[in-house]
Amino acid sequence: MSDTWLPTLITDTPQEGYELAVKLARVAVKMTQADPAIRDDLRAVYAKDADALIAVSSVVATHFQTVAAANSYWQDLQVAKQ
Amino acid sequence: MSDTWLPTLITDTPQEGYELAVKLARVAVKMTQADPAIRDDLRAVYAKDADALIAVSSVVATHFQTVAAANSYWQDLQVAKQ
Amino acid sequence: MSDTWLPTLITDTPQEGYELAVKLARVAVKMTQADPAIRDDLRAVYAKDADALIAVSSVVATHFQTVAAANSYWQDLQVAKQ
Amino acid sequence: MSDTWLPTLITDTPQEGYELAVKLARVAVKMTQADPAIRDDLRAVYAKDADALIAVSSVVATHFQTVAAANSYWQDLQVAKQ
Amino acid sequence: MSDTWLPTLITDTPQEGYELAVKLARVAVKMTQADPAIRDDLRAVYAKDADALIAVSSVVATHFQTVAAANSYWQDLQVAKQ
Amino acid sequence: MSDTWLPTLITDTPQEGYELAVKLARVAVKMTQADPAIRDDLRAVYAKDADALIAVSSVVATHFQTVAAANSYWQDLQVAKQ
């Protein structure tokens, strides 16, 4: 994974921040299991497993907490609306 | 999920913040398992599984921590009451 | 759950803050499993399961971290005692 | 649990802060399973279960993070030593 | 592990910060299981286990939160681009 | 455990901070299971269990987050190098 996949934590909106958090959660799996075929097989399994889906959501939650703090919770958006 | 489902983290009250945290916890599952029929089947299972319900609550807790910080813990509500 | 169950995160004491954290941990279960009879059945199970009790305590710990930060760790209590 | 068991998060030393974190981790179990006999039976089980012991340590870690922040990481102790 | 493997938490980019988080997640395993042969055997197992891969990602997420805060979320990079 | 094992959270380097986090993770196990023989038996088991090793790493990650914040992320080291 030598290409630049994470240039910044700054996003324009909370929604983009959440999508970045989902990406951050997936990259660690990719760095631990580099074989895309195996990852696809695993995904077919955990995407139908309630416990695994909840665990994925937990990882996204931790990364979203990081990305939200990095973006000062996008409060500048709020100020712009007032 | 191209529509705008997360315009802001700012809510008027802690209770709305908690409801946003529940939504944040669910969206990652939706983004991982896009098939609503499968999600409904899974929900019927985990909604009767104590460990899964506790795990869901844990994800909500992490997101609520993020939303609460984003709203400065709604302290302005407290000031308004004094 | 339309009634107001979370007006504020501010509590007078750390102990009330901990009790609020326990409530915050339980509400997500209630919002995921609305049937009180099922919740009671589940509670009878997990209240005798060490792993589940530890997992409940973990959710309370995350919420207590949020509530404690919201109350600036009740440091004003400490100042009042000096 | 009507008695005052958590008057403050402030402790004199990091070690007392860690002991408070252990107590905070145990009280949620007590509030969920009020029967001391059942808790003792469970303790005999999880105290010999590696996964459960690690999970207990995880709850203590979250509470210790809260208590350490509440005490500004006991940095005043450090200043006093210089 | 007497050599210096963690001189600093400061990295030039978020991507290097993420790679440091992956390293931080692995070192605790190394300090708990010093035998490289056993670690390799275990890796062959968990690298094909969805739950384990998600759990690894969760540890990376916590460390990345720490490294990101240590680097003030690399906001200086953002300023430099403006 | 009446001896002083945690005089401070302040360490000279990130690496010492990480080693302190590993110690903090182990003490809760020791305070829950005081019998060293049982702990050694358990260690022989979990040190060969991928899930348990990942769970240990997760506890270390939470404690390291606390210790890193306590040391302001050792940024003074960085300043000293410039």
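Each chain carries a letter (A, B, C, D, E and F) given by its place in the written order, and its residues are counted from 1.
Here is the rule we use: contacts are C-beta pairs under 8 Å (C-beta built on N, C-alpha and C of every residue); 3 or more make two chains touch, one makes a residue touch a chain.
Predicted model only: the values in this text are computed from it and were never measured.
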Open item on the list: Please report the minimal path length, in steps, between subunit A and subunit D on the chain touch graph.
Closed with: 3
TODO: State the smallest step count from subunit B to subunit D, taking one step as a move to a touching chain.
DONE: 2
- [ ] Please report how far subunit A has to rotate so that its Cα atoms sit on those of subunit E, a copy of the same sequence, as a value between 0 and 180° in steps of 5.
- [x] 60
Open item on the list: If more than half of the interface residue numbers appear on both sides, call it same; otherwise different. Which is it for subunit E and subunit F?
Closed with: different
TODO: Compare the CA centroid of subunit A with every other chain's and tell me the farthest one.
DONE: D
Open item on the list: Taking each chain's centre as the mean of its C-alpha atoms, which one ends up farthest from the centre of subunit C?
Closed with: E
TODO: Please report how many Å separate the Cα centroid of subunit C from that of subunit D, as a whole number.
DONE: 16
TODO: Averaged over CA atoms, how far is the centre of subunit A from the centre of subunit F? Could you give it in whole Å?
DONE: 27
TODO: Name the residues of subunit C that each touch 2 or more other chains.
DONE: 25, 46, 49, 51, 55-56, 58, 62, 65, 69
TODO: Using the contact definition from the top, classify how the chains connect: line, ring, star, complete or other.
DONE: ring
Open item on the list: Applying the stated contact rule, could you write out the chains in ring order, opening with subunit D and then subunit F?
Closed with: D, F, E, A, B, C
Task: For the subunit C and subunit D complex, residues of the former touching the latter - done: 13-15, 18, 22, 25, 46-51, 53-58, 60-62, 64-65, 68-69, 73-75, 77-78
Task: subunit B to subunit A touching residues, read off their complex - done: 4-10, 24-29, 31-33, 38, 42-43, 45-46, 49, 51-52, 55-56, 58-59, 62-63, 65-66, 69-70
